[in-house]
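Note that the chains are named A, B, C, D and E in the order they appear, and that numbering of residues resets to 1 at the start of each chain.
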């Protein structure tokens, strides 16, 4: 287990280092943030002054050196635009994104697994075909288009739910969450559904494929031969085995949601890190972009870790390989 | 004669495939008495495994039991509702599967799988069920059964796993155990251990056993009576010594003479020519006719019916071998 | 007329008698202020937000005319080098402190010293040699040369409270740093509200980046009491989402509804559209220097854009009213000069050109390009209203006149980088003029690049005309209004005659409000919620 | 032995034709591909030729006639582009981008994956670490950053898509190849002392292809979707050569204004294309999955 | 005369060393150590031209690994392997090629051993063309001839493996091995996946081919009956080591090693009825952690203290038979 953790963190550090370096130099190549930050009426002298003030007059490798020096002290740099530590800026937006991501995943799982199992148990029934057709469509349409349609339908035509933004939040342990009030929840539903549709289609497909395969396994037939009730066979013997691929994929998808939230957050004006990233890329706010990427990699690794732990809780066979000593 | 525990009459099981309906089990009749071991011998595709599942009523789509009776202690199981069948499986009739790797659910501990079986049939406390499970494990020669209960299937060797499965089968003292090639996947020394345990336990309990195998040599040492299956039909039955020493059906004769140890070293084997027919395109007459050295015109056109050729033996053949005595 | 007055009074009474109704306002902004520190970042949304809480020494009305604000009156000395501002009496900061000349001096001191400012306000005070306070209610400013745009500069930044910034003693301003002040507050002190103390009609309540800025009515405001008890600014960057939020009732007013939605919004009884001409001109700038020019082909390495006949041909080929009609949905005013009619420096004698493709082709032939050439227009695709669509329409029109034109539309960051590296032969951009009127685009867009004099800062077409430079410099040193105007017009005529730059249109800024609300549009496109009020 | 089945390909075809849904989707896909390939012949207008489109005909409703008599069956956008033509050409861009990107990614991933599986050791470690790094990062973000750095352009979108997809194939190929290499037919080939290149490309590769092809099909759909999302976010293909995604993004501005057709029809076209691809891929996967066969 | 194949102390050890992360973890107190599996442990025997040697053992005893080393698919980690007197190290490229071609293999699983995407003609004819044994134009005729030898018609040449039954596939696999004109064929459980009635056919085919071409076979199997039937000499393996080797008659009639005895006693036979099984106890130990001394001692009824101490050597006893058991050796004069 220790070796496993070391391996994981080693890999994370490597990815973070590679990414940070590439992006640091990559964004430098894109352009000069001052061109965007500065008021166009400012004259050339003032532009140069700003460049100097932000440390952008130095050669790129020197800037990178400063960045590395800061890094050793846990300083990921200060946003050019917001004049706040990049990490703090991201962390302030992170709860919103995480809330969105987890709500989306939750919806996907709560609806997706039962639907997928139904479709897998009775693959030829009309309702199963309907579920699968729906999942193909959900799987196929781009996220932004779905978001748009949701807004059109529920916010504009029906007027049931707000079209965007984050509603009222309540602090829980110092973290603002919005699902505890009706206002907050009503703002959360549409974007969460937007996030959920694709994941749900994925979960349905995975669950269906898993169910269709697992019901033919010997141990399922054996469970029936032992006189177990169908409820127990499906609810324990089949479900627990299906959860293994579903958890694996969902773990990866949670990371993807955090990244893909870029689109959803743009469409729904959800104040999360995805929007921050788009804005920061647009404004070439390099410290924020680099810090975002490093944080995302870190989150990925943490999520993968959690997934692996969940995975070994679900699948005892994995533990042997890990536990060898 | 003592009333048989299980009596199967004219059992027919069909499968719908793309190429049409396939009769996997075609008019099978057999009896097993208390404490008796019946060996069903056949090559792959002969329908021996399907026969086992048909007795338990575990035939899934696209298959179905198309006719016949399955009498357990005189009661026709085919008329029982599914709920009653479910109560019966694992309790009155237990089954042991071929591959001990695939039989136990890999993600559930041994105790979970044993306790759920007991509690599906007996109204006992979980603690009592655990005690029963541990007792059963001890009975089949598993050392330190209480600790073993907490392990997962993959943590055991193949032989140990098969012992667990046998323990589960014996646990509720069924009237009948159907064992489908339970030692094929095991090494010779382990097979020998399992066979020895089975002999010991069955003799003590008067449990009827149907032992399905492709290996005549195992049957020779274990069974009281033998039924030989070919292409979905039982072609010959009889007491083990009688049948193996004086086979009447050319197929049985062929099987015996295919066994290398049946002839002295250096002598040529006399194999059956040709290959096992596909169930999709069975010949019109006797299914064995194309491979049979004794086949006549009749054999190619008409199906032989089962006939009793002596008190204990029956046969499906137009041209049986002469039996000494 | 009398009836109307009664109705108005009734409405006023109604509002007074029902103070609980509709007293809070939520606005959807297209972009978010990067800070609520008024001196941190010279950026549209920051300045718009600032106007609610912080006031400048002098104000700009909706057409960017100069009006008294914290200074009640001012005068210039004979030589045009000394300005004396009389401050308004009785103005109090949100924390109850009195506004005095000391605060203005402190503001001037902090401007060049805001930590990490990405785009500071320094340009607005650097023309001043000295800033002094002869008494608490007077500010005296001297400039090294006559400088007519000082008022515009002083209208551009909000005055902060010295005390709230932790400075209690007297302030002495000096260009090289103010004695006695060692450090200045970081903008984070503003973002959390500790230093966000102004004199404006609204007080700071909270700033949640990415989510909202909330402000409450300043009951001690010296001017007209604002209508709203609480206002909230929510950034909703996506156009569609912004409209949807308005239609769904999440917000009461949005800025910059997409022009393509206006038609529908206008017919919606629940929505009221307000629009006003802005000072932002959308223009095409030529590469006046590159030879060969990077994005021109088929001319054997020559840069045809250096030939005024080609520039005239391009101008003639473009049907500006058609662009305004089809691409801008009527929400723009075709332009030939760099600032709109209501601003200083426009020459009413210069009429809009009639598009004439035949004449354009003739001019091209005359210039030696009978078969035209191949050209690519550079354009941002997310900076101005329909920017890349305008570029496409222009490309279409130029193609019809014989210049095969393609469009290279990229995101703003990339566009500006490439523009500043002179990678375009012809590019589309926009310019929002300040209250200075024509002087603003003249000195930035067409004056030769000159770092010392602060000229040509955005002249990325590298147009250089010594004669024009002389006129502009003279105008910028002439304080006397009429003479100043005459010089601006003279320069303007030179620019138009030489087709130095090619204005396409002025943006008209739309706002969409809930039915029953109205507001005053501003030419600087700032959304100032103080002007939002129930319509009658 | 199944009837009339001769070659693996023919067997596959027979299985495929058994599902009406898959056949319809396959035919739809074929029609879409043909329309895209022969866009120049089929489309009534060349939407990329600025001399052919006229701003006078901007924003016409479906079925309207332009002022020179041209019929806009699906309406026109604000530039006067015929939506039908723009969609056909957009489809071409979308399909071309994703097809080139995915086939390049397959080629790269396949070579590296086979190499990793065959050589093992350090070569495998290096390749697989690179794959891990690539995969531990969401595709959209990588593409977004890359395009921010490279700028717009069809070629750049393709590069970005290759970069985000190669690792996926490398991993799949390696996993599949490891399974195949352990199989006896490879041992037999090695026992027969066949040259490694022959074993790898002649024996292993054809058996690794089926799962790769299924994934490739899905990835084509994915690539189309990512490209559309990138264009929506404003970093995709150039505006004068709109893909379906860019057409939708462009029409997004007009959706609420009642000019639904600018966004709606490209959206439908995209949906139909992606659904067809996914249905075909699903079915192919089912055929190739031995565990689902009855 | 020199043996065709001779193995001397041939070993195959798989080592997995802790990686960087595991070594770092060890610094923090974890106990990752090197894992060593001695799959084949100092095995020595010869195969003469035309001789059939049966190699018997239970799963995991290393018999397949041994077979793979003999055909050159795996490289031994120790000991020597010599073909026609030349060891691997000494072989000239020409000798090496000869060894590679002259030793061929037939596999257990008739489904996995044929490339599903090749036609029969290519499966059988590819290697001889590549190695220049025949010309490309001669391939059809050559393959047809080989198919005839294994009892299949030439008309199946353009079919794919999935169109055949297990027995037919095994015959195709045999034809593939024949195509390189081998001298030694390693049969790795070559009949155990087949139906009983087909097993006999294939066994007969092996004997016929041997009679025609004079092959030597290394016949690896867990099926004592088949080995007894076909082998001239028999070698018994347990946990990577050879425990007994001798002529088939000797070994089957008079097994010396307790393990051989147990195997023979426990193998079911058609002529043993109503058998009272008296199995040896325990399970095969993990090759990762083999018992000290004689690996069989934990299961051996006759084991003494001495058995735990030292690994008994494979020593020649009377009549050229070799047995690895100290009890056997002790009995000898």
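By definition in this document, a residue touches a chain if its C-beta (ideal position, glycine included) is under 8 Å from a C-beta of that chain, and two chains touch if they have at least 3 such contacts.
Because the structure is a prediction, the values reported are computed rather than measured.
J.: For subunit B, which other chain has the most distant CA centre?
T.: Farthest chain from subunit B, going by C-alpha centroids: C.
J.: When C-D is set beside B-E, which has more C-beta pairs in contact?
T.: Of C-D and B-E, more C-beta pairs in contact link B-E.
J.: Just how far, in Å, is the C-alpha centre of subunit E from the one of subunit C?
T.: Distance between chain centres, rounded to whole Å: 87 Å.
J.: Taking the mean of the CA coordinates per chain, how far is subunit B from subunit D in Å?
T.: Centre separation, subunit B to subunit D: 52 Å.
J.: Roughly how many whole angstrom separate the Cα centroids of subunit A and subunit C?
T.: Once rounded, the distance between the two centres reads 38 Å.
J.: Provide the C-alpha centroid distance between subunit D and subunit E, rounded to the nearest whole angstrom.
T.: From the centre of subunit D to the centre of subunit E is 48 Å.
J.: For subunit E, which residues are shared contacts with two or more other chains?
T.: Answer for subunit E, listing residues that touch two or more other chains: there are none.
J.: Among the residues of subunit A, pick out those that touch two or more other chains and give their numbers.
T.: Residues 30, 148, 152, 156, 266, 281 of subunit A touch two or more partner chains.
J.: Tell me, which parts of subunit B touch subunit E in their complex?
T.: Result: residues 43-44, 157, 159-160, 187-193, 195-196, 199, 214-218, 220-222, 240-241, 244, 254-263, 265, 268-273, 275-276 of subunit B touch subunit E.
J.: Quick one: which bits of subunit E touch subunit A in the complex? Just the residue numbers, please.
T.: For this pair, the touching residues of subunit E are 18-22, 24-25, 28-33, 35.
J.: Which residues of subunit E touch subunit D once you look at their complex with the stated criterion?
T.: Checking each residue of subunit E against subunit D gives 68, 71-73, 97, 100-101, 103-105, 107-109, 112-118, 126-127, 130-131, 159-160, 162-163, 173, 176-177, 180.
J.: Sort out for me which residues of subunit A touch subunit D in the complex.
T.: 11, 14-15, 18-19, 23, 26-27, 29-30, 136-137, 139-145, 148, 152, 156, 212-213, 216, 255-256, 258-260, 262-263, 266, 277-278, 281, 289, 293, 296-297, 300-301, 304
J.: Residues of subunit B touching subunit A in their complex?
T.: Answer in residue numbers: 53, 56, 58, 86-91, 94-95, 97-99, 102-109, 113, 116-117, 120-121, 152, 154-155, 165, 168.
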